[in-house]
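Below you'll find the structures, each written out as structure tokens.
The same chain A turns up in both complexes below, where it pairs with chain B and then with chain C.
Then we have the complex of A and B:
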């Protein structure tokens, strides 16, 4: 216990709440409350309605939700495959080469996502690969952006892996491919699912690169939220935002259940 | 084939993917930045962009906003993490969980919420006009850089709290007890025991937040303020709204140089810190 006086402790807790609630809890509550309202120009929102939700779960909005879910799922799977492959192959390389690979795969975090969007737009609007105007250009951009996170978390997990397991398997005559499939990957499964959840959440909320790239028939949910707030429909935008948050949380919950199941093995 | 070449070959497929979808596109951005619309190769786009007031404004806003937000996040994050870890209360664990969840939401939600709280017809102004009877409320900072600053501090503080809580969990509480039983008071314990232990996590978290603030796009876009442009929003408006691709590429190159330079620094700092 750092502070022994009761009075100081209470003062600190009060200050904590005074800072924490308005800054972190209030924004989420406000978005949630606004999604049920049509007016808000006093302490509490007024004219409560569920109309925004019925609009947010059909037609254009429903399509945007499916678009976001498909994009996020595809991008996370690609990122997970590429990131894990890169991290596993990097781990067996000499230290200096590994450093180069680390830097390369982490670079997309440092480059602004708007620039990643611009770069992909410039590169795939011209031959040899024409992707502009298709859904693939959005998925490609999301995959690039989240691969860095997959690579980072998987390579951190590989470092923590006890080499005794694979050495034991190899000394018993297991081929490298067998060791990879039956020993390494199962041991890495908890970190793989954690990485998948992270990639999925990031891709669901991705706005900057998407704004540069999305074709009219592949509009992810964040773009629709921006379009709604930009034309002044803040309350409808909030309902869409709540749908986005709920969908993200549900998928994260499902992914974390895979993790707990795996850790019992 | 030796086993080391075979290992190198195994690393090739993902590197090739990265090259096609990330490195080659970046290279094209650099190439496009020296190819003005009129044709040929020259540094004309650079001189044009550097001479424009919009670019200088955006550069200046980006360059002061990001460090200011970082300092805010560090101060606030250090205090909040300190209370969660060392003056624990019932529900402190739930608060730590909440911070994890907070990190999985997109940044623009914060601006959206702030629009309801401090917007021109929002909660705070509504209360003010109800109480005082005035025609307009006093809160109109949301469309200025201060609104962006508030949103960035709110959204990025958890990025500082998380590594700090991890660092604090390694701290031996016996050290605190010993210092306290020898008569050291809380401020001195914080300065001489906790702060040295937290410094690597602060440095790593702070530089990550700095880079993320430099690259932030959603928060600035959602304020809807025409008066606030940062480098990322300038890239967007030049490319998509004005179709000035060489100009957008110039701004992109400048933004990448600043961010990647700082991120390199972050990697060095966090490796030193062992984080």
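Then we have the complex of A and C:
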């Protein structure tokens, strides 16, 4: 938005800072400050140290970070594949059926994720599909939870896709599968990477369903943070949280680089 | 390979957009589908391409009934108004797209891409992306892409309407040249612009309200239009309501000498006279009225004259002393320059 008057611009900046600082910046800054602290009894923390970080980047914590990254990557890939496939199929369905499908995909987000976790626990705790006690049950739960977002953003992009491209390709003799791989998916790539980033970030922060499902050898980082704060190690937990945020941000930045390369207009 | 429409109907939810079209495009012929928007011309083209399914009738390409074939198995080149170049592919890959989809050998692809780009004068832009090209250049690439697959039939859907006037006339000349170089390709050219149709087409099919109104060579349609709609849509026309007499017609109180052919005396009909065939001053078939408007158009003056409550247009060579608004003038036209239309009434 273009604002020409100097007074208005100042007012907008002030409003932005008034809303942004307490809502977004302050909590994150507190976590950041706490991660370096050993005591925090006055306004500012005291006895600054980097010991929490040394602990947060080795051993159990490092393994939890890897676990989180692998889980998030796997879950977002599964979600992206399933969500894109579903969105592409939904686009050719009659409107009424499509609306039902839209609603079904939102359902896992609408119910508390604890319920999703419980449902998956019940479903996969006995044969034929016995996943309980393996990493796959965590990945499956994350995939179910984030597919809704992949489906939503990809189907929004498909609606905006000009059918002229598909028709031009078909008139040139391209079979539908060729059109999908060479025209539609490349044109959807910016939305696909955006969806992948969103899914990844959501999976990195997922806690409630994970709590019900994780096996001892597959502990994602949020569980570790929760455990640390739960036993009162707030500063160690803060350091873990900063590591989690940094890792997520780095991945999102990498994904957005692909996105700028893939946007054509 | 020709195109044949055999009673093709298209309807969307009870709304008929194409009403039993019968039309044949011969091999190597340029057929223009001319009509206002909503006349069904684009629907007819899309029925050939395979993007709309006829509710009745068949579409033939040569002897092959293609009505039930999906678009990608029809082997048709198509160019649309908004070009639809693939934005993620370079010009050369856009042109090669159809060949790659058909699994043409690589060496041949390279050869044909070069050939198609040279034919449209775009060889120097092969490595560019579509967004780096102007509208006219993009249109040339779209044509090259359609020609690279060596189609027997080329469908052009308002290919020039997104271009400015100057570029449009250049591209029109380009298209005629391309057609001379590819004499066996049948072209179906959808347009609402009569100049494009008159310039390019071997025959014109005039469409209105989902129906074919007339079909013939540009000269036939211009000289002897079959009905009032065709007369007004192909070139400008004065359309006068007249009553048929024994050796001429009566327009209000004025007797006009024109060939009445087989028209029955006493019937009402429409008399069509082209504005450039109407002269100023005394002569045969006089019409007297007052000037309601006068426009200077460089080489000509266009006069609008009210004659018995009807507006008559006359295009006359530039006048030294043009009449002023409200002057009484006399117009005339030669009997052989008027066409009596007994079928069809002017729409508006």
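We adopt the following convention: the second predicted complex is superposed on the first by the 242 of 265 C-alpha atoms of A that agree within 3 Å, B and C clash if a C-alpha of one lies under 4 Å from a C-alpha of the other, contacts with A are read in each partner's own complex, and residues count from 1 in each chain.
Note that in this section a residue touches a chain if its C-beta (ideal position, glycine included) is under 8 Å from a C-beta of that chain, and two chains touch if they have at least 3 such contacts.
Small disclaimer: the values here were computed from a predicted structure and weren't measured.
K.L.:
Looking at the overlay on chain A, is there a clash between chain B and chain C, or do the two fit?
P.N.:
In the arrangement built by aligning on chain A, the partners chain C and chain B fit side by side.
K.L.:
Based on the superposed arrangement, let me know which partner A:90 touches: chain B (first), chain C (second), both, or neither?
P.N.:
After superposing on A, A:90 lies in contact with chain B but is clear of chain C.
K.L.:
Under the stated touch criterion, which partner chain does A:114 make contact with: chain B (first), chain C (second), both, or neither?
P.N.:
In the superposed model, A:114 contacts chain B only, not chain C.
K.L.:
Does chain B (first) or chain C (second) touch A:172, or do both, or does neither?
P.N.:
second
K.L.:
Which partner chains sit in contact with A:34 here, chain B, chain C, both or neither? Use first/second/both/neither.
P.N.:
It touches chain B, and chain C stays clear.
K.L.:
Calculate the angle at chain A, using C-alpha centres, between the directions toward chain B and chain C; round to the nearest 10 degrees.
P.N.:
100
K.L.:
Determine, under the contact definition given at the top, whether A:144 touches first (chain B), second (chain C), both, or neither.
P.N.:
first
K.L.:
Touching A:183 in the superposition: chain B (first), chain C (second), both, neither?
P.N.:
In the superposition, A:183 contacts chain C only.
K.L.:
Using the touch definition from the top, say if A:230 reaches chain B (first), chain C (second), both or neither.
P.N.:
first
K.L.:
By residue count, is chain A touched more by chain B or by chain C?
P.N.:
The larger set of chain A residues in touch belongs to B.
K.L.:
Upon superposition of the two complexes, what minimum C-alpha distance (Å) separates chain B from chain C?
P.N.:
10
K.L.:
Which parts of chain A are touched by chain B and by chain C alike?
P.N.:
none
K.L.:
Okay, in this complex, where on chain C does chain A touch?
P.N.:
It is residues 49-51, 70-78, 80, 82, 84-88, 97-98, 100-102, 129, 131, 145-146, 149, 155 of chain C that touch chain A.
K.L.:
Looking at the complex, which residues from chain A come into contact with chain B?
P.N.:
Interface residues on the chain A side: 1-4, 8-9, 12-13, 15-16, 19-20, 23-28, 30-31, 34, 40-43, 82-83, 85-86, 89-90, 92-94, 97, 101, 103-116, 118-124, 129, 140, 143-144, 147, 198, 201, 204-208, 211-212, 222, 225-226, 229-230, 234, 237-238, 241, 244-245, 248-249, 252.
K.L.:
Would you pull the chain A residues touching chain C in the complex into a rising list?
P.N.:
Against chain C, chain A makes touches at 162, 164-165, 167-176, 178-179, 182-183, 186-187, 189, 262, 264-265.
K.L.:
Can you list the chain B residues touching chain A in their complex?
P.N.:
For chain B paired with chain A, touching residues are 4, 7-8, 10-11, 13-15, 17-18, 20-26, 28-29, 32, 76, 79-80, 82-83, 86-87, 89, 95, 98-99, 101-102, 104-110, 112-117, 119, 121-123, 125-127, 130, 153-154, 157-158, 176, 180, 186, 189-190, 211, 214-215, 217-218, 221-222, 224, 231-233, 235-236, 239-240, 245, 248-249, 252, 255-256, 259-260, 262-264, 267.
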